[in-house]
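There are structures below to look over.
Heads up, the next two complexes both have chain A, just with different partners, chain B and then chain C.
And now, the complex of A and B:
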């Protein structure tokens, strides 16, 4: 763990002291090194599952896939941002990279926290670099609105979480993960306990996002620059899922009744946001709503509280992180060439950029959960565990799968197939950098087909 | 100045003041409370009038002012501590249309009409002349005809006439008045001499084949139908029976504008002064280096101000009319070495044409088509009061100066009146009541429109160079350009021959006119 955390912290120093000409290559190589080292997290020698470094940081089969995803994403973000930051002055480029690195540090600390309060502090800390990235480097005027929505939705959801954690700590004495399982359950029928249950979960439901509180996500994703969109889609949403999984332990047995409306809301959100995707005119907005759709399924899987549900949720989180980030990178390649995110103005690209069309094809297939990709594994496990709980959820999840397939295909066919407008004939050809970026996104996804045990969670 | 311009001008100011009426009245009333608020003991020394200040009326005024200030400060009001120019265009737009004439607004309307989802695209129309006082659209004679020799022009006019006949199906806005173009279907009458009669017959066949309702008349028939014409020297005449005549260009422009804005297009009054573009150098199949440019953003300068806004855009449409050539020069077209394609400018430049309004009570009367004589002179009836408007295209060598819109009245005396009076004897006694001048967006290459993308600028579409036919083709041209942008190719009318390739191949597509 320290071999990854200390280099990450020192990467901040490297950003500010390396000569400007070698800045991007240095940081890229450095972050690739850290990412490769982080793969050691996936090897789990212990049989308890937990691997403690010190009293405060640990990782287990639940957090290690997310940690690896976080570390893997930094070099990808660096590659993706290189082009649009090239016109900025030197100090601003260094600041941007420092923000990305500090985000990674906070995320590593969050996922490896052993105590809920530390997790909470890191959860909140990740908001600051993300907010700065969205509001300073976004492209449109609406980014101020987007930043406000993002910040205040998350803060409003997480303040009750702080209160709830402090209440629990003062009554039970500890918030360490290991001891959470052996502490007495909070079984009472007081209304205050139900509010406490809600307070624990609200922050994570807003972060996931759950359908009713999802309004910040399309705004934040669309207005953020490419690295901001990538980290938001790939990792920050999973903070919500991870937090929910950790805090579920202390929420028994209230969850049995209280989770019912949220499961239904999540499933309804899958269908509604899927339908909204079919009506979108902005490409990034379409991908953002598809994120909400997938995460609705994850939320339902976690709230079900079965081993298969948790496993499916974790696999879907990892797979969706890679897929969604890849789709945002593809949308960015379009945007850098045409300076517009409108779908109908960038059509028929297969004629002009055929290799990019391959990546579009793979990413769209991953998005619609094609077997044998891990996306399908996750979705199938969640759908099965929901079916086990209640037959009628199959209607909702089945319809959701159908709509997911239709909007993924719609996005692919609209951007790649069809007649190419005259203003796109002389489009800039694809750069090697872009191909590398997408290969690095989709290769882990394809490798996970062979060994999904790496991301299964505790059911090893 | 002249009755016609005054009529136009007063209608325009009336419309403008109706729009701004409510705002100006609040500005006036806003000043009132500030004048005598306060409980100052202003003792007036005059003996007339009340010596006592009315305490309660002052109090009421003060309270009203305080309420207004509070309402302004609360959210929901439009007061801002710093002034934002409401005319400033947005920072980004998907399509920027340079030129707010009838062609520009037609393209904006069709783009908004064809986007499949509402507010799917941001379309910005930039026009530099807020009063449209120098715009070619409103200074046009306003005629529409199908009597061309090129099938493309005939189809364009037919489609446009069909659009304008059913204009309220297309351009009506809910809760607003229906559009009235004042379309007079009086037809065009071309008169041909012996030498050019065969051209007229060929054109007649092309027009009939394309579907235009045109008829050929012998001089006797012409005399029967229009007894006021002197048929001396006329061998053949061609008369349009349907879909020809004249209409009010300002109404068409406003109809397009109103409908496009109601569908979500954004209007901005400003001048495009610069482009930011990226350059790409590619190798062609013949191992040559080709340098193409791609526009990244358009710099729009606000009128009478140093303020400007760079608008980041994906596509630029050049509908700037007479100034299209100058706009293209900002991108470097025409400024390269003479013998290369970089040195070939967009061949559109302004050409001034005069229009004279004459009053002749004994003139042709109501049954009067737009007559075009083989000598080049033309005239049409204007209104019902015995007024006619007339003009002629000057010779190549005698093109007037295009730096202003001043009218040369001597031109009428020397060039127009003799030919007019020869053709219509009643016009020997007429009085010129007014005149105006307007610019043609004259295509110096072959006097026909250019529609399509320039080979060197990857994302600039052109819809210009119509040389006097822009207004009558505008609805169909707008649809064609929208199809090019959104559908990738022409769908309803095949206008491929009107692209830039004919200019680069130096193969002019000339009209076989009789004038």
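And now, the complex of A and C:
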């Protein structure tokens, strides 16, 4: 609704006109206000239709959890960025905050779009602020390459999507979500229609990412500054999942045969990227590959097209968003102290920063999908629906769960337990800001244990 | 240049284009094109630099060839049909010859080889005139004839987008990059010419606005290579922060207004059942996007903490009027939501 979108747009004005001494406090308070207001979207009416409709924006049980996650993430990004931006000149700080806010505006418009081309335009629009954040404020030389990979992988996938949407529009007449379910299905056996099916899905598979086209993600996540990593992991990957869920409606009945290789590729990707995680030396890279692993499971769940698959995918997306963002914040606390992402350079931190170890513990447990957290609920529902589709997927998903548990535990034990290396002479104690940041990530996750119906999607 | 001479030359350029706009007789159209060509030649070689003179001669030769081919085609048409009217060309040989002649005039692939070298020899302002004003008269003619050969226009268009993309990849001279960008955009315009001519006009006008911003931004920085752009953040920080958006708009990224012509052209092509061509053209735009992104990396998105090893440009106070730059930059960035209004305006 407009009462969230218009304040977000005016937050841009506030960024540029606040007095500099009060900039961060003002923006933080403003974004918390918007985030609190957005929580009203979670109160869904009991039917599964659309609500809060105007001509261009509407919400339904699928998009409202993702919207709330988007709005919740902006204050968290601002808290996380405060430290590393403090050394920059004033105008650049304002520019950075404006980029984060414009990203939120585009995301709100994307998740609440009622028409596919609007979704497409906003999907692409999120690329530009993210590109600028990665390449301008990243810390290493490789960030230019990362930005290029990020932009070109996503665009190479999404330009065929644009053509596919225009083809559908010219044959069916409308691309509005509200009327998609009542349009006739595309039943045909032509090779061109199979290419059309592929074109519709490719953009979202690249964005999710699917295992074969995932190369942009480790680069982009690692080179981005903390706010960039947070928003990439938490929300931008979910744009791919959300788009896939929306477009599945028009892709029947071709999906029955055509999705087979992609489901297998997604599950294989779960195992492969999990195994890569076990061999990583770079902490952010480990978390990035863990994201690919979880999103592979989400992709498989969506391609199965069953109610439990969709519900599991949505819950896993929300839970993974919060967890992955929390892990990136924890990795950032390490980075700000040692200015290195190498895991072995910052080991045994439980001795030095015991309270941070609590957050590491909780986040690692969430990552390995411990009951009763919603991560487990999502994974179990997806694994069950995959088992229903074919018994043999249990081998792949079971192995995947095992490897996920092992690398999450590996990450926790390596960073927290054991002796401290001798070169760590002076580490700053944990800031209250960092504790607040992690509490705000993990508290919603813990609260979702009590009422997961909020993020269940249509099949409440 | 002597202000009187400059005035006469600029008026002559305007006169030439206006004559072509107003003409319905082929001889008059040809005459307007020739006046246009001859008027810009002194502007092009005014610095008397050998490269400028070479560029002028190359431009003259290609444009004269194109005009002669145009004259030949219109005489052939007059011989066959007995009339000189622009709109009534019904035989395929004269129409095809006219299309090829106009393609040489504006620099479509595979008749594009003169464009990068000519633009490289000019200063930025004359280059701007070459890229924008000089394209108006040939496009006016292209929009009026009825092209009979569908595949010719599609081949010209697709080849131009591909050549414009691949050719610009290895350049670090800004004027050559702008030349290849011009070739690519002209390709997009030609693709949709026979289906929806108003979109050609829309793409042309959008291209004018975007290129104007880019040329003037480069002129404000007084830089002609990518390397010299890297110090612009200290001279003109706001322009430096706007140029990536102009470049991404030229590359056709939503939500900037450069997406509008590409979107509408892809829509028209899919309606005409040319979806594979549409996909190929869209993907070839990614090639151009790569070198636009590279320029924006050099200019804004990277900043050396220390002084670069390049020679630092002088930071002289600038009296340039930046109001046109401000207007065209705003249009380049913010015009996409007005798409329905613009389509209505153009299809009236």
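Methods note: the second predicted complex is superposed on the first by the 456 of 460 C-alpha atoms of A that agree within 3 Å, B and C clash if a C-alpha of one lies under 4 Å from a C-alpha of the other, contacts with A are read in each partner's own complex, and residues count from 1 in each chain.
In this text, a residue touches a chain if its C-beta (ideal position, glycine included) is under 8 Å from a C-beta of that chain, and two chains touch if they have at least 3 such contacts.
This structure is a prediction, so every number in the text was calculated from the model and none was measured.
*Asks:* Should A:434 be classified as contacting the first partner (chain B), the second (chain C), both, or neither?
*Replies:* In the superposed model, A:434 contacts neither chain B nor chain C.
*Asks:* Per the contact definition in the header, classify A:426: touching chain B only (first), chain C only (second), both, or neither.
*Replies:* first
*Asks:* Looking at the overlay, does A:223 come into contact with chain B only (first), chain C only (second), both, or neither?
*Replies:* A:223 contacts neither chain B nor chain C.
*Asks:* Just to be sure I read the superposition right, which of the two partners does A:379 touch: chain B = first, chain C = second, or both, or neither?
*Replies:* It touches nothing on chain B or chain C.
*Asks:* Based on the superposed arrangement, let me know which partner A:115 touches: chain B (first), chain C (second), both, or neither?
*Replies:* Once the two structures are laid over each other on A, A:115 reaches no partner at all.
*Asks:* Touching chain A in the complex: which residues of chain C?
*Replies:* 237, 241, 244-245, 248, 253-256, 259, 263, 266-267, 270-271, 275, 278-279, 282-283, 285-286, 289-290, 293, 297, 300-302, 336
*Asks:* Taking the touch rule as given, give the residues of chain B at its contact with chain A in the complex, in rising order.
*Replies:* The touching residues are 90-92, 94-95, 115-117, 119-122, 280, 282, 292, 294, 296-297, 312-315, 452-453, 458-459, 461, 484-489.
*Asks:* Which residues of chain A touch chain B once you look at their complex with the stated criterion?
*Replies:* That would be residues 139-141, 279-281, 338-340, 342-345, 347-348, 418-423, 425-428 of chain A.
*Asks:* Chain C touches which residues of chain A in the complex?
*Replies:* Residues in contact with chain C: 91, 95, 106, 117, 120-122, 124-125, 127-128, 132, 135-136, 144, 147-148, 151-152, 155-156, 159-160, 162-163, 166-167, 169-170, 192, 199.
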